[in-house]
Amino acid sequence: MTIKVAVAGASGYAGGEILRLLCGHPRLRSGDLEIGALTAGGNAGASLGSQHPHLLPLADRVLQETTPEVLAGHDVVFLGLPHGTSGAIADALPPTTLIIDCGADHRLQNAQDWMDYYGSEHAGTWPYGLPELPGNREVLRDATRVAVPGCYPTISILSLRPAVAAGLVEPHVTVVAVSGTSGAGRAAKVDLLASEVIGSSRAYGVGGVHRHTPEIAQALSAAADLPVGVSFTPVLVPMSRGILATCTARTSASAAEVRAAYEKDYGDETFVHLLPEGVLPTTGSVLGSNAVQIAVTVDERAGTLVAVGAIDNLTKGTGGAAVQSMNLALGWDEAEGLSTVGVAP
Amino acid sequence: MTIKVAVAGASGYAGGEILRLLCGHPRLRSGDLEIGALTAGGNAGASLGSQHPHLLPLADRVLQETTPEVLAGHDVVFLGLPHGTSGAIADALPPTTLIIDCGADHRLQNAQDWMDYYGSEHAGTWPYGLPELPGNREVLRDATRVAVPGCYPTISILSLRPAVAAGLVEPHVTVVAVSGTSGAGRAAKVDLLASEVIGSSRAYGVGGVHRHTPEIAQALSAAADLPVGVSFTPVLVPMSRGILATCTARTSASAAEVRAAYEKDYGDETFVHLLPEGVLPTTGSVLGSNAVQIAVTVDERAGTLVAVGAIDNLTKGTGGAAVQSMNLALGWDEAEGLSTVGVAP
Amino acid sequence: MTIKVAVAGASGYAGGEILRLLCGHPRLRSGDLEIGALTAGGNAGASLGSQHPHLLPLADRVLQETTPEVLAGHDVVFLGLPHGTSGAIADALPPTTLIIDCGADHRLQNAQDWMDYYGSEHAGTWPYGLPELPGNREVLRDATRVAVPGCYPTISILSLRPAVAAGLVEPHVTVVAVSGTSGAGRAAKVDLLASEVIGSSRAYGVGGVHRHTPEIAQALSAAADLPVGVSFTPVLVPMSRGILATCTARTSASAAEVRAAYEKDYGDETFVHLLPEGVLPTTGSVLGSNAVQIAVTVDERAGTLVAVGAIDNLTKGTGGAAVQSMNLALGWDEAEGLSTVGVAP
Amino acid sequence: MTIKVAVAGASGYAGGEILRLLCGHPRLRSGDLEIGALTAGGNAGASLGSQHPHLLPLADRVLQETTPEVLAGHDVVFLGLPHGTSGAIADALPPTTLIIDCGADHRLQNAQDWMDYYGSEHAGTWPYGLPELPGNREVLRDATRVAVPGCYPTISILSLRPAVAAGLVEPHVTVVAVSGTSGAGRAAKVDLLASEVIGSSRAYGVGGVHRHTPEIAQALSAAADLPVGVSFTPVLVPMSRGILATCTARTSASAAEVRAAYEKDYGDETFVHLLPEGVLPTTGSVLGSNAVQIAVTVDERAGTLVAVGAIDNLTKGTGGAAVQSMNLALGWDEAEGLSTVGVAP
């Protein structure tokens, strides 16, 4: 049986990344996988090549409108849509269709959090596409709906969770995460113009107002089994891809205790790499890959745990997590079509 | 009387920036200031133009050896030298010579801090070239020795001090500061190659081992009149100039209380600009200028003060502070030859 | 008498650069110059600070609508407007007002060229704001209308003219000019997003269709006194400011003959610097300055003259040329408020 | 039978790229291919992970000395060594070992050209690893020695050859090629520091002195069957990977004639893509891939053919061409382990 895949929002960065990964997926070459409808909003009618000139094998594909009718008849539907729109699409597709939503709509468990941060009615909660959280892998294997985590939450949660879950830090964490611009999407905005970004860094969403904040708090609070306060500040820096999260929390644990907790949690993971002591992650070394690189240490003078994590926001932070979730839900090897080797330098 | 200025380490980035600013200083045009000896280490014998092609008016100047003999006979000597070397130079020059050291040697008050972080004997403490600290401006007006602050301390201290001094935060602060590469100096190192830096971000000196940590703690502890713990993490991002520091501390104060403290401290400052509420600093907007842009707010959910500050690490972070200190010590207007207008975009 | 200056299109990059230079102009400090109305199109009503956070001294100024009424009553009016719009504005202002147009409308002498490249009626020809062309400086001293040259033409013409005028090359030249993104203006377009630009280079306007082509041909043909063919290709590269033009033409002259021609033409110029043999220009070294750096040599194997020139497209390529023209027309020193020192690294 | 592969110069960029591609090669997973010795010069003794943190699966491999003894016993040996050193290594290995040299030593056919540009004795000529040249593919299938083309020659030759071979242009071409910094290698040099490169563009090797010039002339002259003059200027721009070559030559042919020649030559090629009319290549869209994107048109006003080509200098320009040549010489599908999909944005 050939699995037929559709991508809604194919002209955006999330959609483009999913297609990049699918083009290299061994199941495509073997015929187990087939790329069906590609849809868009304002770019419907254009060729995919005009939107994503790097996707040469699909250059002549024409983008269709994003409607349930166009998306029907596929086994897997990836959604790379503006938040607030995926619920209606999902409701119009059969419950057996595997829907993998790269948007925010179905990530939060608490409807009030959604209301506070997005100001609309909550569409509901789907299985969370972060297989590296305890228990999640099993849930995803049976899922027909998946909420792909936000890019900042992915690396923030993975960088802090072992310490939080083991009770090694106080239940208040600080995350300052630098990010490339592709995380902000492909809409034409003056403050994302190359002229404004090159040679300049800036924080945004300062003061806890970034919408990824409650998603980080949700996972860490679950890990700690008590409310964890999260101070989260994203910083835009002049690169296209990559997130480097510097995560701190007060601790009285030793570096060895902390390290042991991380080794235990991530020792068997394919994509999460705890770096040797003294080695620090770079976003360049995970570019285009699904790898997560984490370094953790304790600053004894300041009584502070410092964990630094790096991912490619478009791969492990979006499209890679989506493909990883698809692999699990289809019963394939989780790592098929995903690399741990970055494109560097 | 014409003030004769020498620059030691003129082929490095600090020396180049001082010369850039001196070239535009109105006292140079008026004849009150004269640029004398320019010295270097390995680049002695080369023309300045071969090292700094942007300094056109000085292109034909030949770099001399950095020796007390060459530096003698100047009224002002700027030192942009490797740490550990400025003490001996200073000792060999007359006490009346105004010596402005851009290196680290004379910044710390505690000899043990120096020993812990630099592993050598402490050269002594000089007046600290940050006029925006209470009382410092007066000290600098009478000084013949000035220790220019480190670039990270400058923005970290300015971003946090009003809150710390007013007792509005707990005495433990977290600073994550992204920086361009020029702060790492001009020595040829593989990890500073453009190929390694472009498209990649990385933290370094993680765990409190960066040498600017005790300098930040020193100023904040003095402000609080009690020991302030500092968790400091620098992050290298793909730009040449600029530091953006995201500074956090636990607080129960309101945003209004915090804001009032900053307004009080910085209301009269020429170079420190507290941005209007909702406006956030960018390093691009201070590029090449001596301006400091600071935004401060309180994240009430997380009970955390967040201050974000931006400077150009080579200007206000090094060469601009050096010129500002010179102006004060010579009895000139502190702002002469220094701009609050950045080169953007 | 105080000269009152208005800037139309103040929220764009040309307008912002003119204001950056005016903020540092010594005639502003002396009171000879005053900054009057600042106008905009879609951004009218906003504060200048919200558009150009680097222009701190003018941050609170409110942008007005671009109308003849608002611009009336000024001695100097700078226009940084979309092409096709400056003629009507100029017609509505007194003939004695000094109008300096940074747009393309009044650069071309041949109305058919305008029609071919812009597809509308030609607004007429104004004195060309490139004082370094023979005779132009005198014309500009008497002018009340100035057409600021295009950024690519400025560096292409200056890099090739001495050889073309001296008949040292065949009357067919090739220019490939890399440019930062600010030359494309500040309109929000997907292909100028940082994500699209960082890590990527691309040519555009290939095949002689870029609108700066006839402007280059016009000046070189005048210099040669015969039609000069121009193959011009602009290349967008990941930087914000700067143009580096590589200009070639077939020659049988020697390197010495060529060099002599350039030395003769540029020996007395303040802003045009012929670099020593073996030294090549970088755009970084002219950043923010009005300097032009040119290297010229002959490839004897290929029988080809190669001239490489660098400018900052926003300074000497736009705002600096505008201020230089203003200085001339007001009888001031041409170089006031303009630097030959770039902001590097 | 398992093919055992060694990589000499594994800590450099060429070696790292070969290893990146081998890590994703399907023959590695199937067991047909095995990665043997990895050698280095100054980095011998270090782990590969310390040099190339993006090559996670090989992180623990230890770099050995580059000696014939270490390289013996492998079926394939890739050489990523300084020029002048590969001849001796090759002589010490059996003639049946497939040696693929990424250096310049064996590219040129004319010993005098080598002497003129490299100043040493010529090591001899090997089959040229550009399968897209007529006849080369067949030669490479039987080869045990392969000279991988230079990065600039690869894209310059591919962009111009169809027009030159068809006699559609005058036998004098101009190439201005912008390049990322990785082409300059990984040696620590001040002028390749990120601080010097970011925000700045500069030409180098101006006047026909760049060593890739005779290599371009050699291929184009062979195609034309007469000497073709080549004016070649490389321009360093602020990106890590990618070359965009703008290639011009005088022509009286029509755009249609030119296009037909390119379609004929490249219609069956896997990696060379002639873009639709009006579409222009970007280096970002070929990043990390082995694809070549070419646009060609005729500027009728200037009587000039303009061809613009893009490659990733490390992939199709070095490591990808090396793997493509290996595939051919081993009788495998030329495209195995090589992608036509770039990593964008």
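In order of appearance the chains are A, B, C and D, and numbering begins at 1 in each one.
Keep this in mind: a contact is a pair of C-beta atoms (placed from the backbone, for glycine too) under 8 Å apart; a residue touches a chain by one contact, two chains touch by 3 or more.
None of these values were measured; they are calculated from a predicted model.
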Both-way neighbours, i.e. chains that touch chain C and touch chain B: A, D
Copies chain A and chain B touch via same or different residues, half shared test: same
Approximate Å spacing (C-alpha centroids) for the pair chain A, chain D: 35
Centre distance in Å when chain B and chain D are each reduced to the mean of their C-alpha atoms: 44
Sequence positions of chain C contacting 2 or more other chains: 13, 182, 193, 195-196, 198-199, 238-241, 281-282, 284-285, 287, 344-345
Complex contact set, residues of chain D against chain A: 13, 16, 20, 23-24, 26, 49-50, 52-57, 182, 198-199, 240-241, 273, 279, 281-282, 284-289, 291, 293, 339-345
Contact footprint of chain B on chain A as seen in their complex: 172, 174, 176, 178, 195-196, 198-204, 206-208, 213, 229-231, 233, 235, 237-242, 244, 246, 248, 250, 280-285, 287, 295, 297-304, 306, 308, 310, 344-345
Contacting residues of chain A [partner chain C, same complex]: 13, 180-182, 184, 186-190, 192-199, 238-240
